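Taking it in order: structure first as structure tokens, then the write-up.
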Amino acid sequence: MGSVFGSKLHISIFGESHGPAIGVVVDGLPAGERIDLDELTRQMQRRAPGGDKTATPRKEADAPEILSGMLGGVTTGAPLCAVIRNTNTRSGDYGNIMSAPRPAHSDYAAHVRYGGFNDVRGGGHFSGRLTANIVFAGAVCRQILKRRGIDIAAHIYSIGSVNDAPFEPTGIPAELIERLNGAKFALVDESAEEKMRAAVSAVHEKGDSIGGVVECIVQGVPAGVGEPMFGGVENVIAAAVFGVPAVKGVEFGSGFAGSAMTGLQNNDEFYFDENGSVRTRTNNHGGALGGITSGMPILFRAAVKPTPSVSAEQKTVDLQTGENTTLSIKGRHDPCIVPRAVPVIESAAAVALMNLL
Amino acid sequence: MGSVFGSKLHISIFGESHGPAIGVVVDGLPAGERIDLDELTRQMQRRAPGGDKTATPRKEADAPEILSGMLGGVTTGAPLCAVIRNTNTRSGDYGNIMSAPRPAHSDYAAHVRYGGFNDVRGGGHFSGRLTANIVFAGAVCRQILKRRGIDIAAHIYSIGSVNDAPFEPTGIPAELIERLNGAKFALVDESAEEKMRAAVSAVHEKGDSIGGVVECIVQGVPAGVGEPMFGGVENVIAAAVFGVPAVKGVEFGSGFAGSAMTGLQNNDEFYFDENGSVRTRTNNHGGALGGITSGMPILFRAAVKPTPSVSAEQKTVDLQTGENTTLSIKGRHDPCIVPRAVPVIESAAAVALMNLL
Amino acid sequence: MGSVFGSKLHISIFGESHGPAIGVVVDGLPAGERIDLDELTRQMQRRAPGGDKTATPRKEADAPEILSGMLGGVTTGAPLCAVIRNTNTRSGDYGNIMSAPRPAHSDYAAHVRYGGFNDVRGGGHFSGRLTANIVFAGAVCRQILKRRGIDIAAHIYSIGSVNDAPFEPTGIPAELIERLNGAKFALVDESAEEKMRAAVSAVHEKGDSIGGVVECIVQGVPAGVGEPMFGGVENVIAAAVFGVPAVKGVEFGSGFAGSAMTGLQNNDEFYFDENGSVRTRTNNHGGALGGITSGMPILFRAAVKPTPSVSAEQKTVDLQTGENTTLSIKGRHDPCIVPRAVPVIESAAAVALMNLL
Amino acid sequence: MGSVFGSKLHISIFGESHGPAIGVVVDGLPAGERIDLDELTRQMQRRAPGGDKTATPRKEADAPEILSGMLGGVTTGAPLCAVIRNTNTRSGDYGNIMSAPRPAHSDYAAHVRYGGFNDVRGGGHFSGRLTANIVFAGAVCRQILKRRGIDIAAHIYSIGSVNDAPFEPTGIPAELIERLNGAKFALVDESAEEKMRAAVSAVHEKGDSIGGVVECIVQGVPAGVGEPMFGGVENVIAAAVFGVPAVKGVEFGSGFAGSAMTGLQNNDEFYFDENGSVRTRTNNHGGALGGITSGMPILFRAAVKPTPSVSAEQKTVDLQTGENTTLSIKGRHDPCIVPRAVPVIESAAAVALMNLL
């Protein structure tokens, strides 16, 4: 029962990579919210595979069909369900035998968990394809949040050892938010793209892959949101963001770097701004103190591990024979999923935010 | 409603620093589990303030009183409640006016969240003292987990820029677990203690403080535990560990460092060990793949920010006057809470594990 | 966020009567369970409108499509989603203006709750059609429960003032369970059917409707299942069964009648049966004591109110004009939904049981 | 994990009849609510044993001690914990062997559930004494609800076959609410008291007991509160009220009687009242339609089974010897718990309401 999230806005995700369809039910949306389906599609295209440099839109067949919860483009308050068909399924083809689990994939763990009955084709329910559902739910939530003055943006903080310029922790301009929200390769400093692509190409040529970090900012959340202890902003966001496959770390504000600082370096002093609002000069706390928002932007970074699927030969086990073996993963795999992870992590944050507000 | 955690083993924490008492209700414990109260007290003393070099035990008055759920030292299956009295309370003294919120503390955020009605004395419900409840709950859980072959240990991975030797990710010896489980200043390489204490003293003399990182390992969890997506091992542990005040980051396995690696570097190859068990040669995945345990140790690190309370003067606001002001925090404060955070983080992991199993 | 249920087996229901489709996601099913789709269809046909005397199968178009969670007829352990298309929808026809709320329907309450944005066509998300999802989820669960020795059966306890023979509270024979599980007009004493149909016809001719009571038994649940207080068998079953529209009362064992008895009349004495098992001679407690099963059958009754839609003229308000008005509900409506409620209530019980076990 | 309730306002109940103390943690209360402790004590005295005709206040030692969540009589927003000491405990006396389970008590079910480790003394966690916690939580909630215009009142609808006058379903006067809220033997028609007491005395003389029905009304809840399906008003109230030991049935509005009516009899017609508010002429729906409030009073009845503890000899089993045996329950037991159940059920309703609003 792991594919559900939320106590106020609730999502329930379903689907397997090679089954008939994937989808999501979003329960708890406010009624009367107009949803711009073009904007929603745009967000889903940011995550969609292919076409990242060209203008080729994703195939229409891959578009979500909304089955409920919307009437005339407006939410009804009833659960919203969207379904995305899988087009690569072949009925009758149940080649479901797990032989050699792919290193760093869920194959082996899921095999044990489900006694070998899980759908292994394409990773089944663990496929990265399932993140399309998170983007769908998040894209709906983001439109509602925006109407309440809350913006979410993320960028490729790093790929391998190549860094983008970091977000200004105390806030980023509206123009940057808008640009990033439309980007497929989201960078603060667009000049980093070339180096990042070069880094990806370099590993790709060797049949290898590479990871990176996504940085995300949420602006416009008023002070006083969240709960102490386990209901805090960090807890809820982390619980959502660790639901994105390949995320292995989450840090807020100065995070791990901050833990090497002194108090005087890391503490953010308060001041009254020109409007009489309480703000902090710096934002090492990442927008939450004691689990509750301070009114400063919520800022976090998520570590995305290198794509586990690499074409180079790897050692693994053969669960059928009980012998050690080797494996070469066929097919085209993203040598770096970090760019596509950007809208997924923004969306996970959006779903988390809806649960906090 | 943030001070509750868990869907299988449920904890509900209460108390304010200067109120009559703090405590915790633990609901969902199996019946018939003998709890060694001496061992439980030992764990609580590891967190307790003072006496870290001396053998002075904590004051008896600070011991938890068990109100329910245990009979003759054995769990009854009914909710277990423990209460720890606060001894520093003065009735009638409601000096509850928030004036100058301390930088990097929850003061301001809580003031807004609770409309100024929260108990501000000593940080109220946000006080680090509340972590005694987590240690209590965790100490109970750890005894039950140990009986099922599961051990939890943590150490001071770093203070400032001083590092301990890291855990061997594929597993640590039983002797080390035992030593760490009894330590107040838990280190793999005990020779690091001197340098760490020197680093703490150096900032302390300047009225400053310092942060660090705690590394935690959970050994003995079989493969196949956990759920996909939001019910994964990482999600549940992170949701618990971010409930520990001052934690600003959590990473599993190779974590943020792993995101800079290539797939071939980061992927952990599988092999059959001499007993025919599937294992991985390395443990960059930190024990969970797709949210589900692989049978390898669960390994994570938590970033602990520097103690926000420093005696040096800091700038802040005066919420009464609406003017910017300065603040010097009086009283004795830990210049580094990392050593005391070790048993708290182990305990949060223990509570999380009970929810996963 | 009301259309979700369960903390172990979780269901999320979606759909509106005149939207594109209705459906349900069932998360938390064990992997490796073969599901007999013919039997599943049979259960859904018991609830389906029409054909109650004839053998006419329901229209194929109304069959659920399983989108995930099953492979080769066996559960994979991933969330199971089923979708049932609505065939009576007309795109572009958003005649969504609530004018005169139907008495005893959700129309007015939902209008206020959703600010007039809810889909009112056919009752929207509140339509009885949505119970097809409960039957789907329940039919899956019942097959799994049956494999563990647990049977669920219900019958029409009464329609208006016409009663069926009640269940023998201490248990009913396997043959009766089997017969009831296949029945569209489920009765212990089939001779009651004629009188019940006569009672329905009598009100139907007057443009009126009639209610009744459904009695449900769950056999084979071992002693010791359930939790004290709010996690008890009664709480969980009631929370599920009150999710069936038109249910206005739930009682266990001797229920309301038992409250008029004395202790010596109502108390069920324990004895050892011939196998040395503890049983009770009577079953006024309905299978649960202190929220926990006793090993006796779980027995409950649900009061089903008369169908609110009647063709006779009724007084109501006009929300557009602000005037009192009258209303005659057009269309064919079941004059009595009790027979169709039988499989729905069995299914709600099945979902509840999966959450208790 | 059954002794917790609520997703917005959360209560966690602990304690065993003969353990050191019982208590409750209430998490999620709004901050800044003044709680009248005298009124709170008054509510707890309504449930307390003894003194029902005399003015003898309950023993001071039995009063709740508030450990957290309140400062100067005002809620702080942090979890509120109250503890009530048990004064009849003897340390070292673990006479915890279940021999002959009392008919209609939880003894046997709990013995199986907890493998014999549960505290059996006085019923342990299943003791009616634990309902003091519900009354405490409810008494706090009721003061907050009252400030928002919501009143809750209940009365002894019946004891055995003796009935009080029922509530007027469309609403009761403020004076009656006030009188009932202070009553220990709460009746609409106080002339019923004599007959009820006679009925109780009659069974008591025979060593027997008697049950009854409690009727409860909640006035002032606006239309539009609640959720469809499993999040409905009925579901949430039933899930709370079935948490009161001895409750075996819950019905709303016309309930079971309504299921024998026709639609035209049971449907409540809408009209605009003199203020232009939508109301219904009758209230057979009990204030909720489709799970959502209509603006009419919420009206429900709970069936309370006869006290299982009777002094007359009963047959049961001896779990030690494996033989059938007889049992005579010693000690003073309420021959009728219905009067004391009144404030408990009001309180369960109050907790449920806080979760709905």
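Think of it as A, B, C and D in the order they're written, each chain with its own count starting at 1.
By our rule, a residue touches a chain if its C-beta (ideal position, glycine included) is under 8 Å from a C-beta of that chain, and two chains touch if they have at least 3 such contacts.
Everything numeric here is computed off the predicted structure, so don't read it as measured data.
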Distance-maximising chain from chain B - centres being C-alpha averages: C
Comparison of A-B and B-D by number of C-beta pairs in contact, larger one: A-B
Whole-Å separation of chain centres (CA-atom averages), chain B against chain D: 38
Chain A-chain B separation of Cα centroids, rounded to whole Å: 27
Multi-partner residues of chain A (each touching 2 or more other chains): 1-4, 7, 13, 78, 113, 125, 228
Residue ranges of chain B touching chain D (in the complex, touch as defined): 1-4, 6-10, 12-16, 19-23, 25, 27-28, 31-32, 65-69, 71-72, 74-81, 83, 94, 96, 113-119, 124-125
Residues on chain D engaged by chain C in the complex (per definition of touch): 1-5, 13, 101, 103-110, 112-113, 125-126, 130, 158, 160-161, 203, 206, 208-213, 222-232, 234-236, 238-240, 242-243, 245, 247-256, 258-272, 276, 278, 280, 284-286, 288-295, 301, 303-310, 312, 314-317, 319, 322-324
Residue numbers on chain D that touch chain A, as the complex places them: 7, 78, 228
